[in-house]
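We just call them A, B, C, D, E, F, G, H, I and J in the order they show up, numbering each chain from 1.
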Amino acid sequence: MLFHVRMDVSLPHGMSEAEAEVLKRVEREKAQALQAEGKWRHLWRIVGQYSNVSVFDVENAEELHQLLTGLPLFPYMTIQVMPLCRHPSSIHADDR
Amino acid sequence: MLFHVRMDVSLPHGMSEAEAEVLKRVEREKAQALQAEGKWRHLWRIVGQYSNVSVFDVENAEELHQLLTGLPLFPYMTIQVMPLCRHPSSIHADDR
Amino acid sequence: MLFHVRMDVSLPHGMSEAEAEVLKRVEREKAQALQAEGKWRHLWRIVGQYSNVSVFDVENAEELHQLLTGLPLFPYMTIQVMPLCRHPSSIHADDR
Amino acid sequence: MLFHVRMDVSLPHGMSEAEAEVLKRVEREKAQALQAEGKWRHLWRIVGQYSNVSVFDVENAEELHQLLTGLPLFPYMTIQVMPLCRHPSSIHADDR
Amino acid sequence: MLFHVRMDVSLPHGMSEAEAEVLKRVEREKAQALQAEGKWRHLWRIVGQYSNVSVFDVENAEELHQLLTGLPLFPYMTIQVMPLCRHPSSIHADDR
Amino acid sequence: MLFHVRMDVSLPHGMSEAEAEVLKRVEREKAQALQAEGKWRHLWRIVGQYSNVSVFDVENAEELHQLLTGLPLFPYMTIQVMPLCRHPSSIHADDR
Amino acid sequence: MLFHVRMDVSLPHGMSEAEAEVLKRVEREKAQALQAEGKWRHLWRIVGQYSNVSVFDVENAEELHQLLTGLPLFPYMTIQVMPLCRHPSSIHADDR
Amino acid sequence: MLFHVRMDVSLPHGMSEAEAEVLKRVEREKAQALQAEGKWRHLWRIVGQYSNVSVFDVENAEELHQLLTGLPLFPYMTIQVMPLCRHPSSIHADDR
Amino acid sequence: MLFHVRMDVSLPHGMSEAEAEVLKRVEREKAQALQAEGKWRHLWRIVGQYSNVSVFDVENAEELHQLLTGLPLFPYMTIQVMPLCRHPSSIHADDR
Amino acid sequence: MLFHVRMDVSLPHGMSEAEAEVLKRVEREKAQALQAEGKWRHLWRIVGQYSNVSVFDVENAEELHQLLTGLPLFPYMTIQVMPLCRHPSSIHADDR
């Protein structure tokens, strides 16, 4: 099942650079592992924002919730989730 | 260049079914041609809405504008455009 | 899978009462059939509004989209969909 | 009487993990006691959010206010309350 | 039980004056009957608006819904409902 | 003259309980004195919110501003003011 | 008493020019009479909008409501009313 | 040239009263000097808010920007600027 | 003086193509004449919208209002006006 | 390719003046270098705001993202990006 997810990150100004670096490195590792597993199907940067647009391909909503709340940056993100389904005019096999 | 586009369609209640059918058929043909050319890279339906989320892959903003305003449903759509770029954590070759 | 759905109905002032009655009767029949099948798990009226809050229990997002767009009042509704999952503090067996 | 309640939790970044754990544990105990009493009739997690959608079944608005403001997380929640009533098309006995 | 209700009226420009007059006369009669019964406890005009702020005193949410949807102007109103309860600092016996 | 006022209170998380208690006690005393004088004509709690809906009966806008800005919780409140006048359909003598 | 009023005018596209001209001429006459009486103390055009910002000086809220709803363009205007009072730093005698 | 300006002031809760008093006193002196010069043509308090509505009469937009950013409270204000021009129905010589 | 103006055009669906063509042709002629005079300094299309972003260079706000309300599409546009001034970091002579 | 960018700056009240001065000086140097390169084509101040409206002329969205996120004030700015293209009615050679 596909979900469209937008994540906007906002780190508190008081966070030390060291702490931020650790968070970002672990976040990147998790994001890449989930991509490698095929769960995090697309990941784009929104121009000019500390934000991304993503498409997740998961078993169900429960799995998506576990993935998102397990991200190290979760406490610092505003997240919007939108369920997708196949568009009748799509010809792309991977837009399932 | 990648652009994230959301289109919400709203046909006037007074439009005849015949007119609506023609519009939708031509829209579908155009959408599929643009997908075949690789311009309209992703096309998903938003669940419960007469709306889609799409990703376009075009030469530049001018080309995107021509594609969008050339769609038969353009006069009946609310469109939001958001430029994307590669996310440093993406491992997908096609998220360029 | 559970989805929270809010539907706000707005019939055009120009619609005849006869046409509205037919729409509403068929809508009610469809809604009750979907409830009997266990797909439309909860259905409440929002006080003072021509609106409902519902919980659907479906196989996946695709099925929800087919159910919602198949409702006779679909062209006259504004719909908001929100995926739900089990809350760790819930003790209700049917809040799955 | 039924009320639809949405709660969005936002703990201050400065709160210690210990303090947060205590708050969450007591919150969970209170939530489960209220569910056991039949007051907190439904409790779902909203996917990707530190938020829930709930349905309360209380004597009156006063009782709901006492329940909500008595929750340990109340000072950290944004709460939206919407009165519900039975939908004429509902066939579920428990959607009273 | 007390409910705070705001009603904003918007008659279609195409409605004949005769039809509008009938609607308004019957609305006024209904409003005054409900006030006489003690159901519609307060009714104020918002300055510069075709709108009112009201307080209803009803048995439950179901009764409020029947009263509001039974008003002749209901199809032409945007309605916002907010449940109230006694404020601990109130000294007015009738703010129950 | 009647004014409809909504007050939403938000105390900073860092405020000590002692300081909050003093503020709330003095606020309550002031609120009750103004009610006894007939200036603060109605005061209701909004269910699930640290908020109230009030109706003030004052000589003029200047007097209302002095009353509101003189409340101890004023620096911690978001306030919305809406002038009211008698509704032509009201039959309540005290909705003047 | 002073009130700040913003009026945004939106004539239906179907209205004949003749009807619009009559409405505007009577509106202008009324506006100028109210200015001559000292009731409509300031009247400015907002640049690029079919809108005005005004300051009214009236006995009370009731009088303002009668003036505004008596304007010929009232059914075609969105109106926002905001009560004003003297600013402690004002040195202008006419900002009373 | 006339500009309509709304200023909403929000002092941080942590600011000392002494610092706040100095800011406010210098703000008042500046505001009164600008009024005496004829630059700050109107200044009203919005009832129930730490906010004002003002009309400035300046040479051009550049001058307005210098005046506003030179106010001691500028870092603590949300400011909205709206250019005005003479309304064709105005009869007030000073609404130029 | 520089003003930033955004115009969003929305032609009624009922307007004949012939009428729309005349409006657009005259609009284009007026727009080009104003550009030739130096009044309409910049004019860009917003991608995917029937909208433009413009910068006007006029004597004063009054002149801008006359230019905008004189455009043939004015009755069909939503317009937002924002006064600009020179940025202290600009090195472009024509960003005056 | 042209992009319309609005930047709203909000420095935390706790930032020292020295730190703010350094940030602003480096920001100005970067902004002027980018203007000299022709990347930052227009830069205007919005009157009454610590904000600017800019037009960037870059190779692609990726380059814009690098420029914006490389600005020293980036962590303190809210940024809105809107792709532009040539307007068919423009006669200005530099509005490409």
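One rule holds for everything that comes next: a contact is a pair of C-beta atoms (placed from the backbone, for glycine too) under 8 Å apart; a residue touches a chain by one contact, two chains touch by 3 or more.
The structure displayed is predicted, hence computed values, not measured ones.
Looking at the partners of chain D and chain J together, the chains they share are A.
Here chain B and chain C face each other with different sets of residues for the most part; under half of the interface numbers are shared between them.
If you match contact pairs by residue number, over half of those in E-F turn up again in just one of I-J, H-I or B-C, and that pair is I-J. More C-beta pairs touch across one of H-I and I-J than the other; that pair is I-J. Most remote chain with respect to chain I, judged by CA-atom centres, is D.
Look at where the CA atoms of chain E average out and do the same for chain G: the two points lie 27 Å apart. For this pair, chain D with chain I, the centres built from the Cα atoms lie 51 Å apart.
In whole angstrom, the spacing between the mean C-alpha positions of chain B and chain D is 40.
Shown for chain I are the residues in touch with two or more other chains, namely 2-3, 45, 47, 61, 64-65, 81-86.
Contact between chains, per the stated criterion, is found for A-B, A-C, A-D, A-J, B-C, B-I, B-J, C-D, C-E, D-E, D-F, E-F, E-G, F-G, F-H, G-H, G-I, H-I, H-J, I-J. The part of chain D that touches chain F in the complex is made up of residues 3, 5, 12, 61, 64-65, 68-69, 75-76, 79-81. Chain E contributes residues 13, 45, 47-50 to its touches with chain G in the complex. Residue ranges of chain E in contact with chain F, taken from their complex: 2, 4, 27-28, 31-32, 35-36, 41-47, 52-53, 55, 82-92, 95.
Listed in rising order, the residues of chain G touching chain F in the complex are 1-3, 60-62, 64-65, 81-86.
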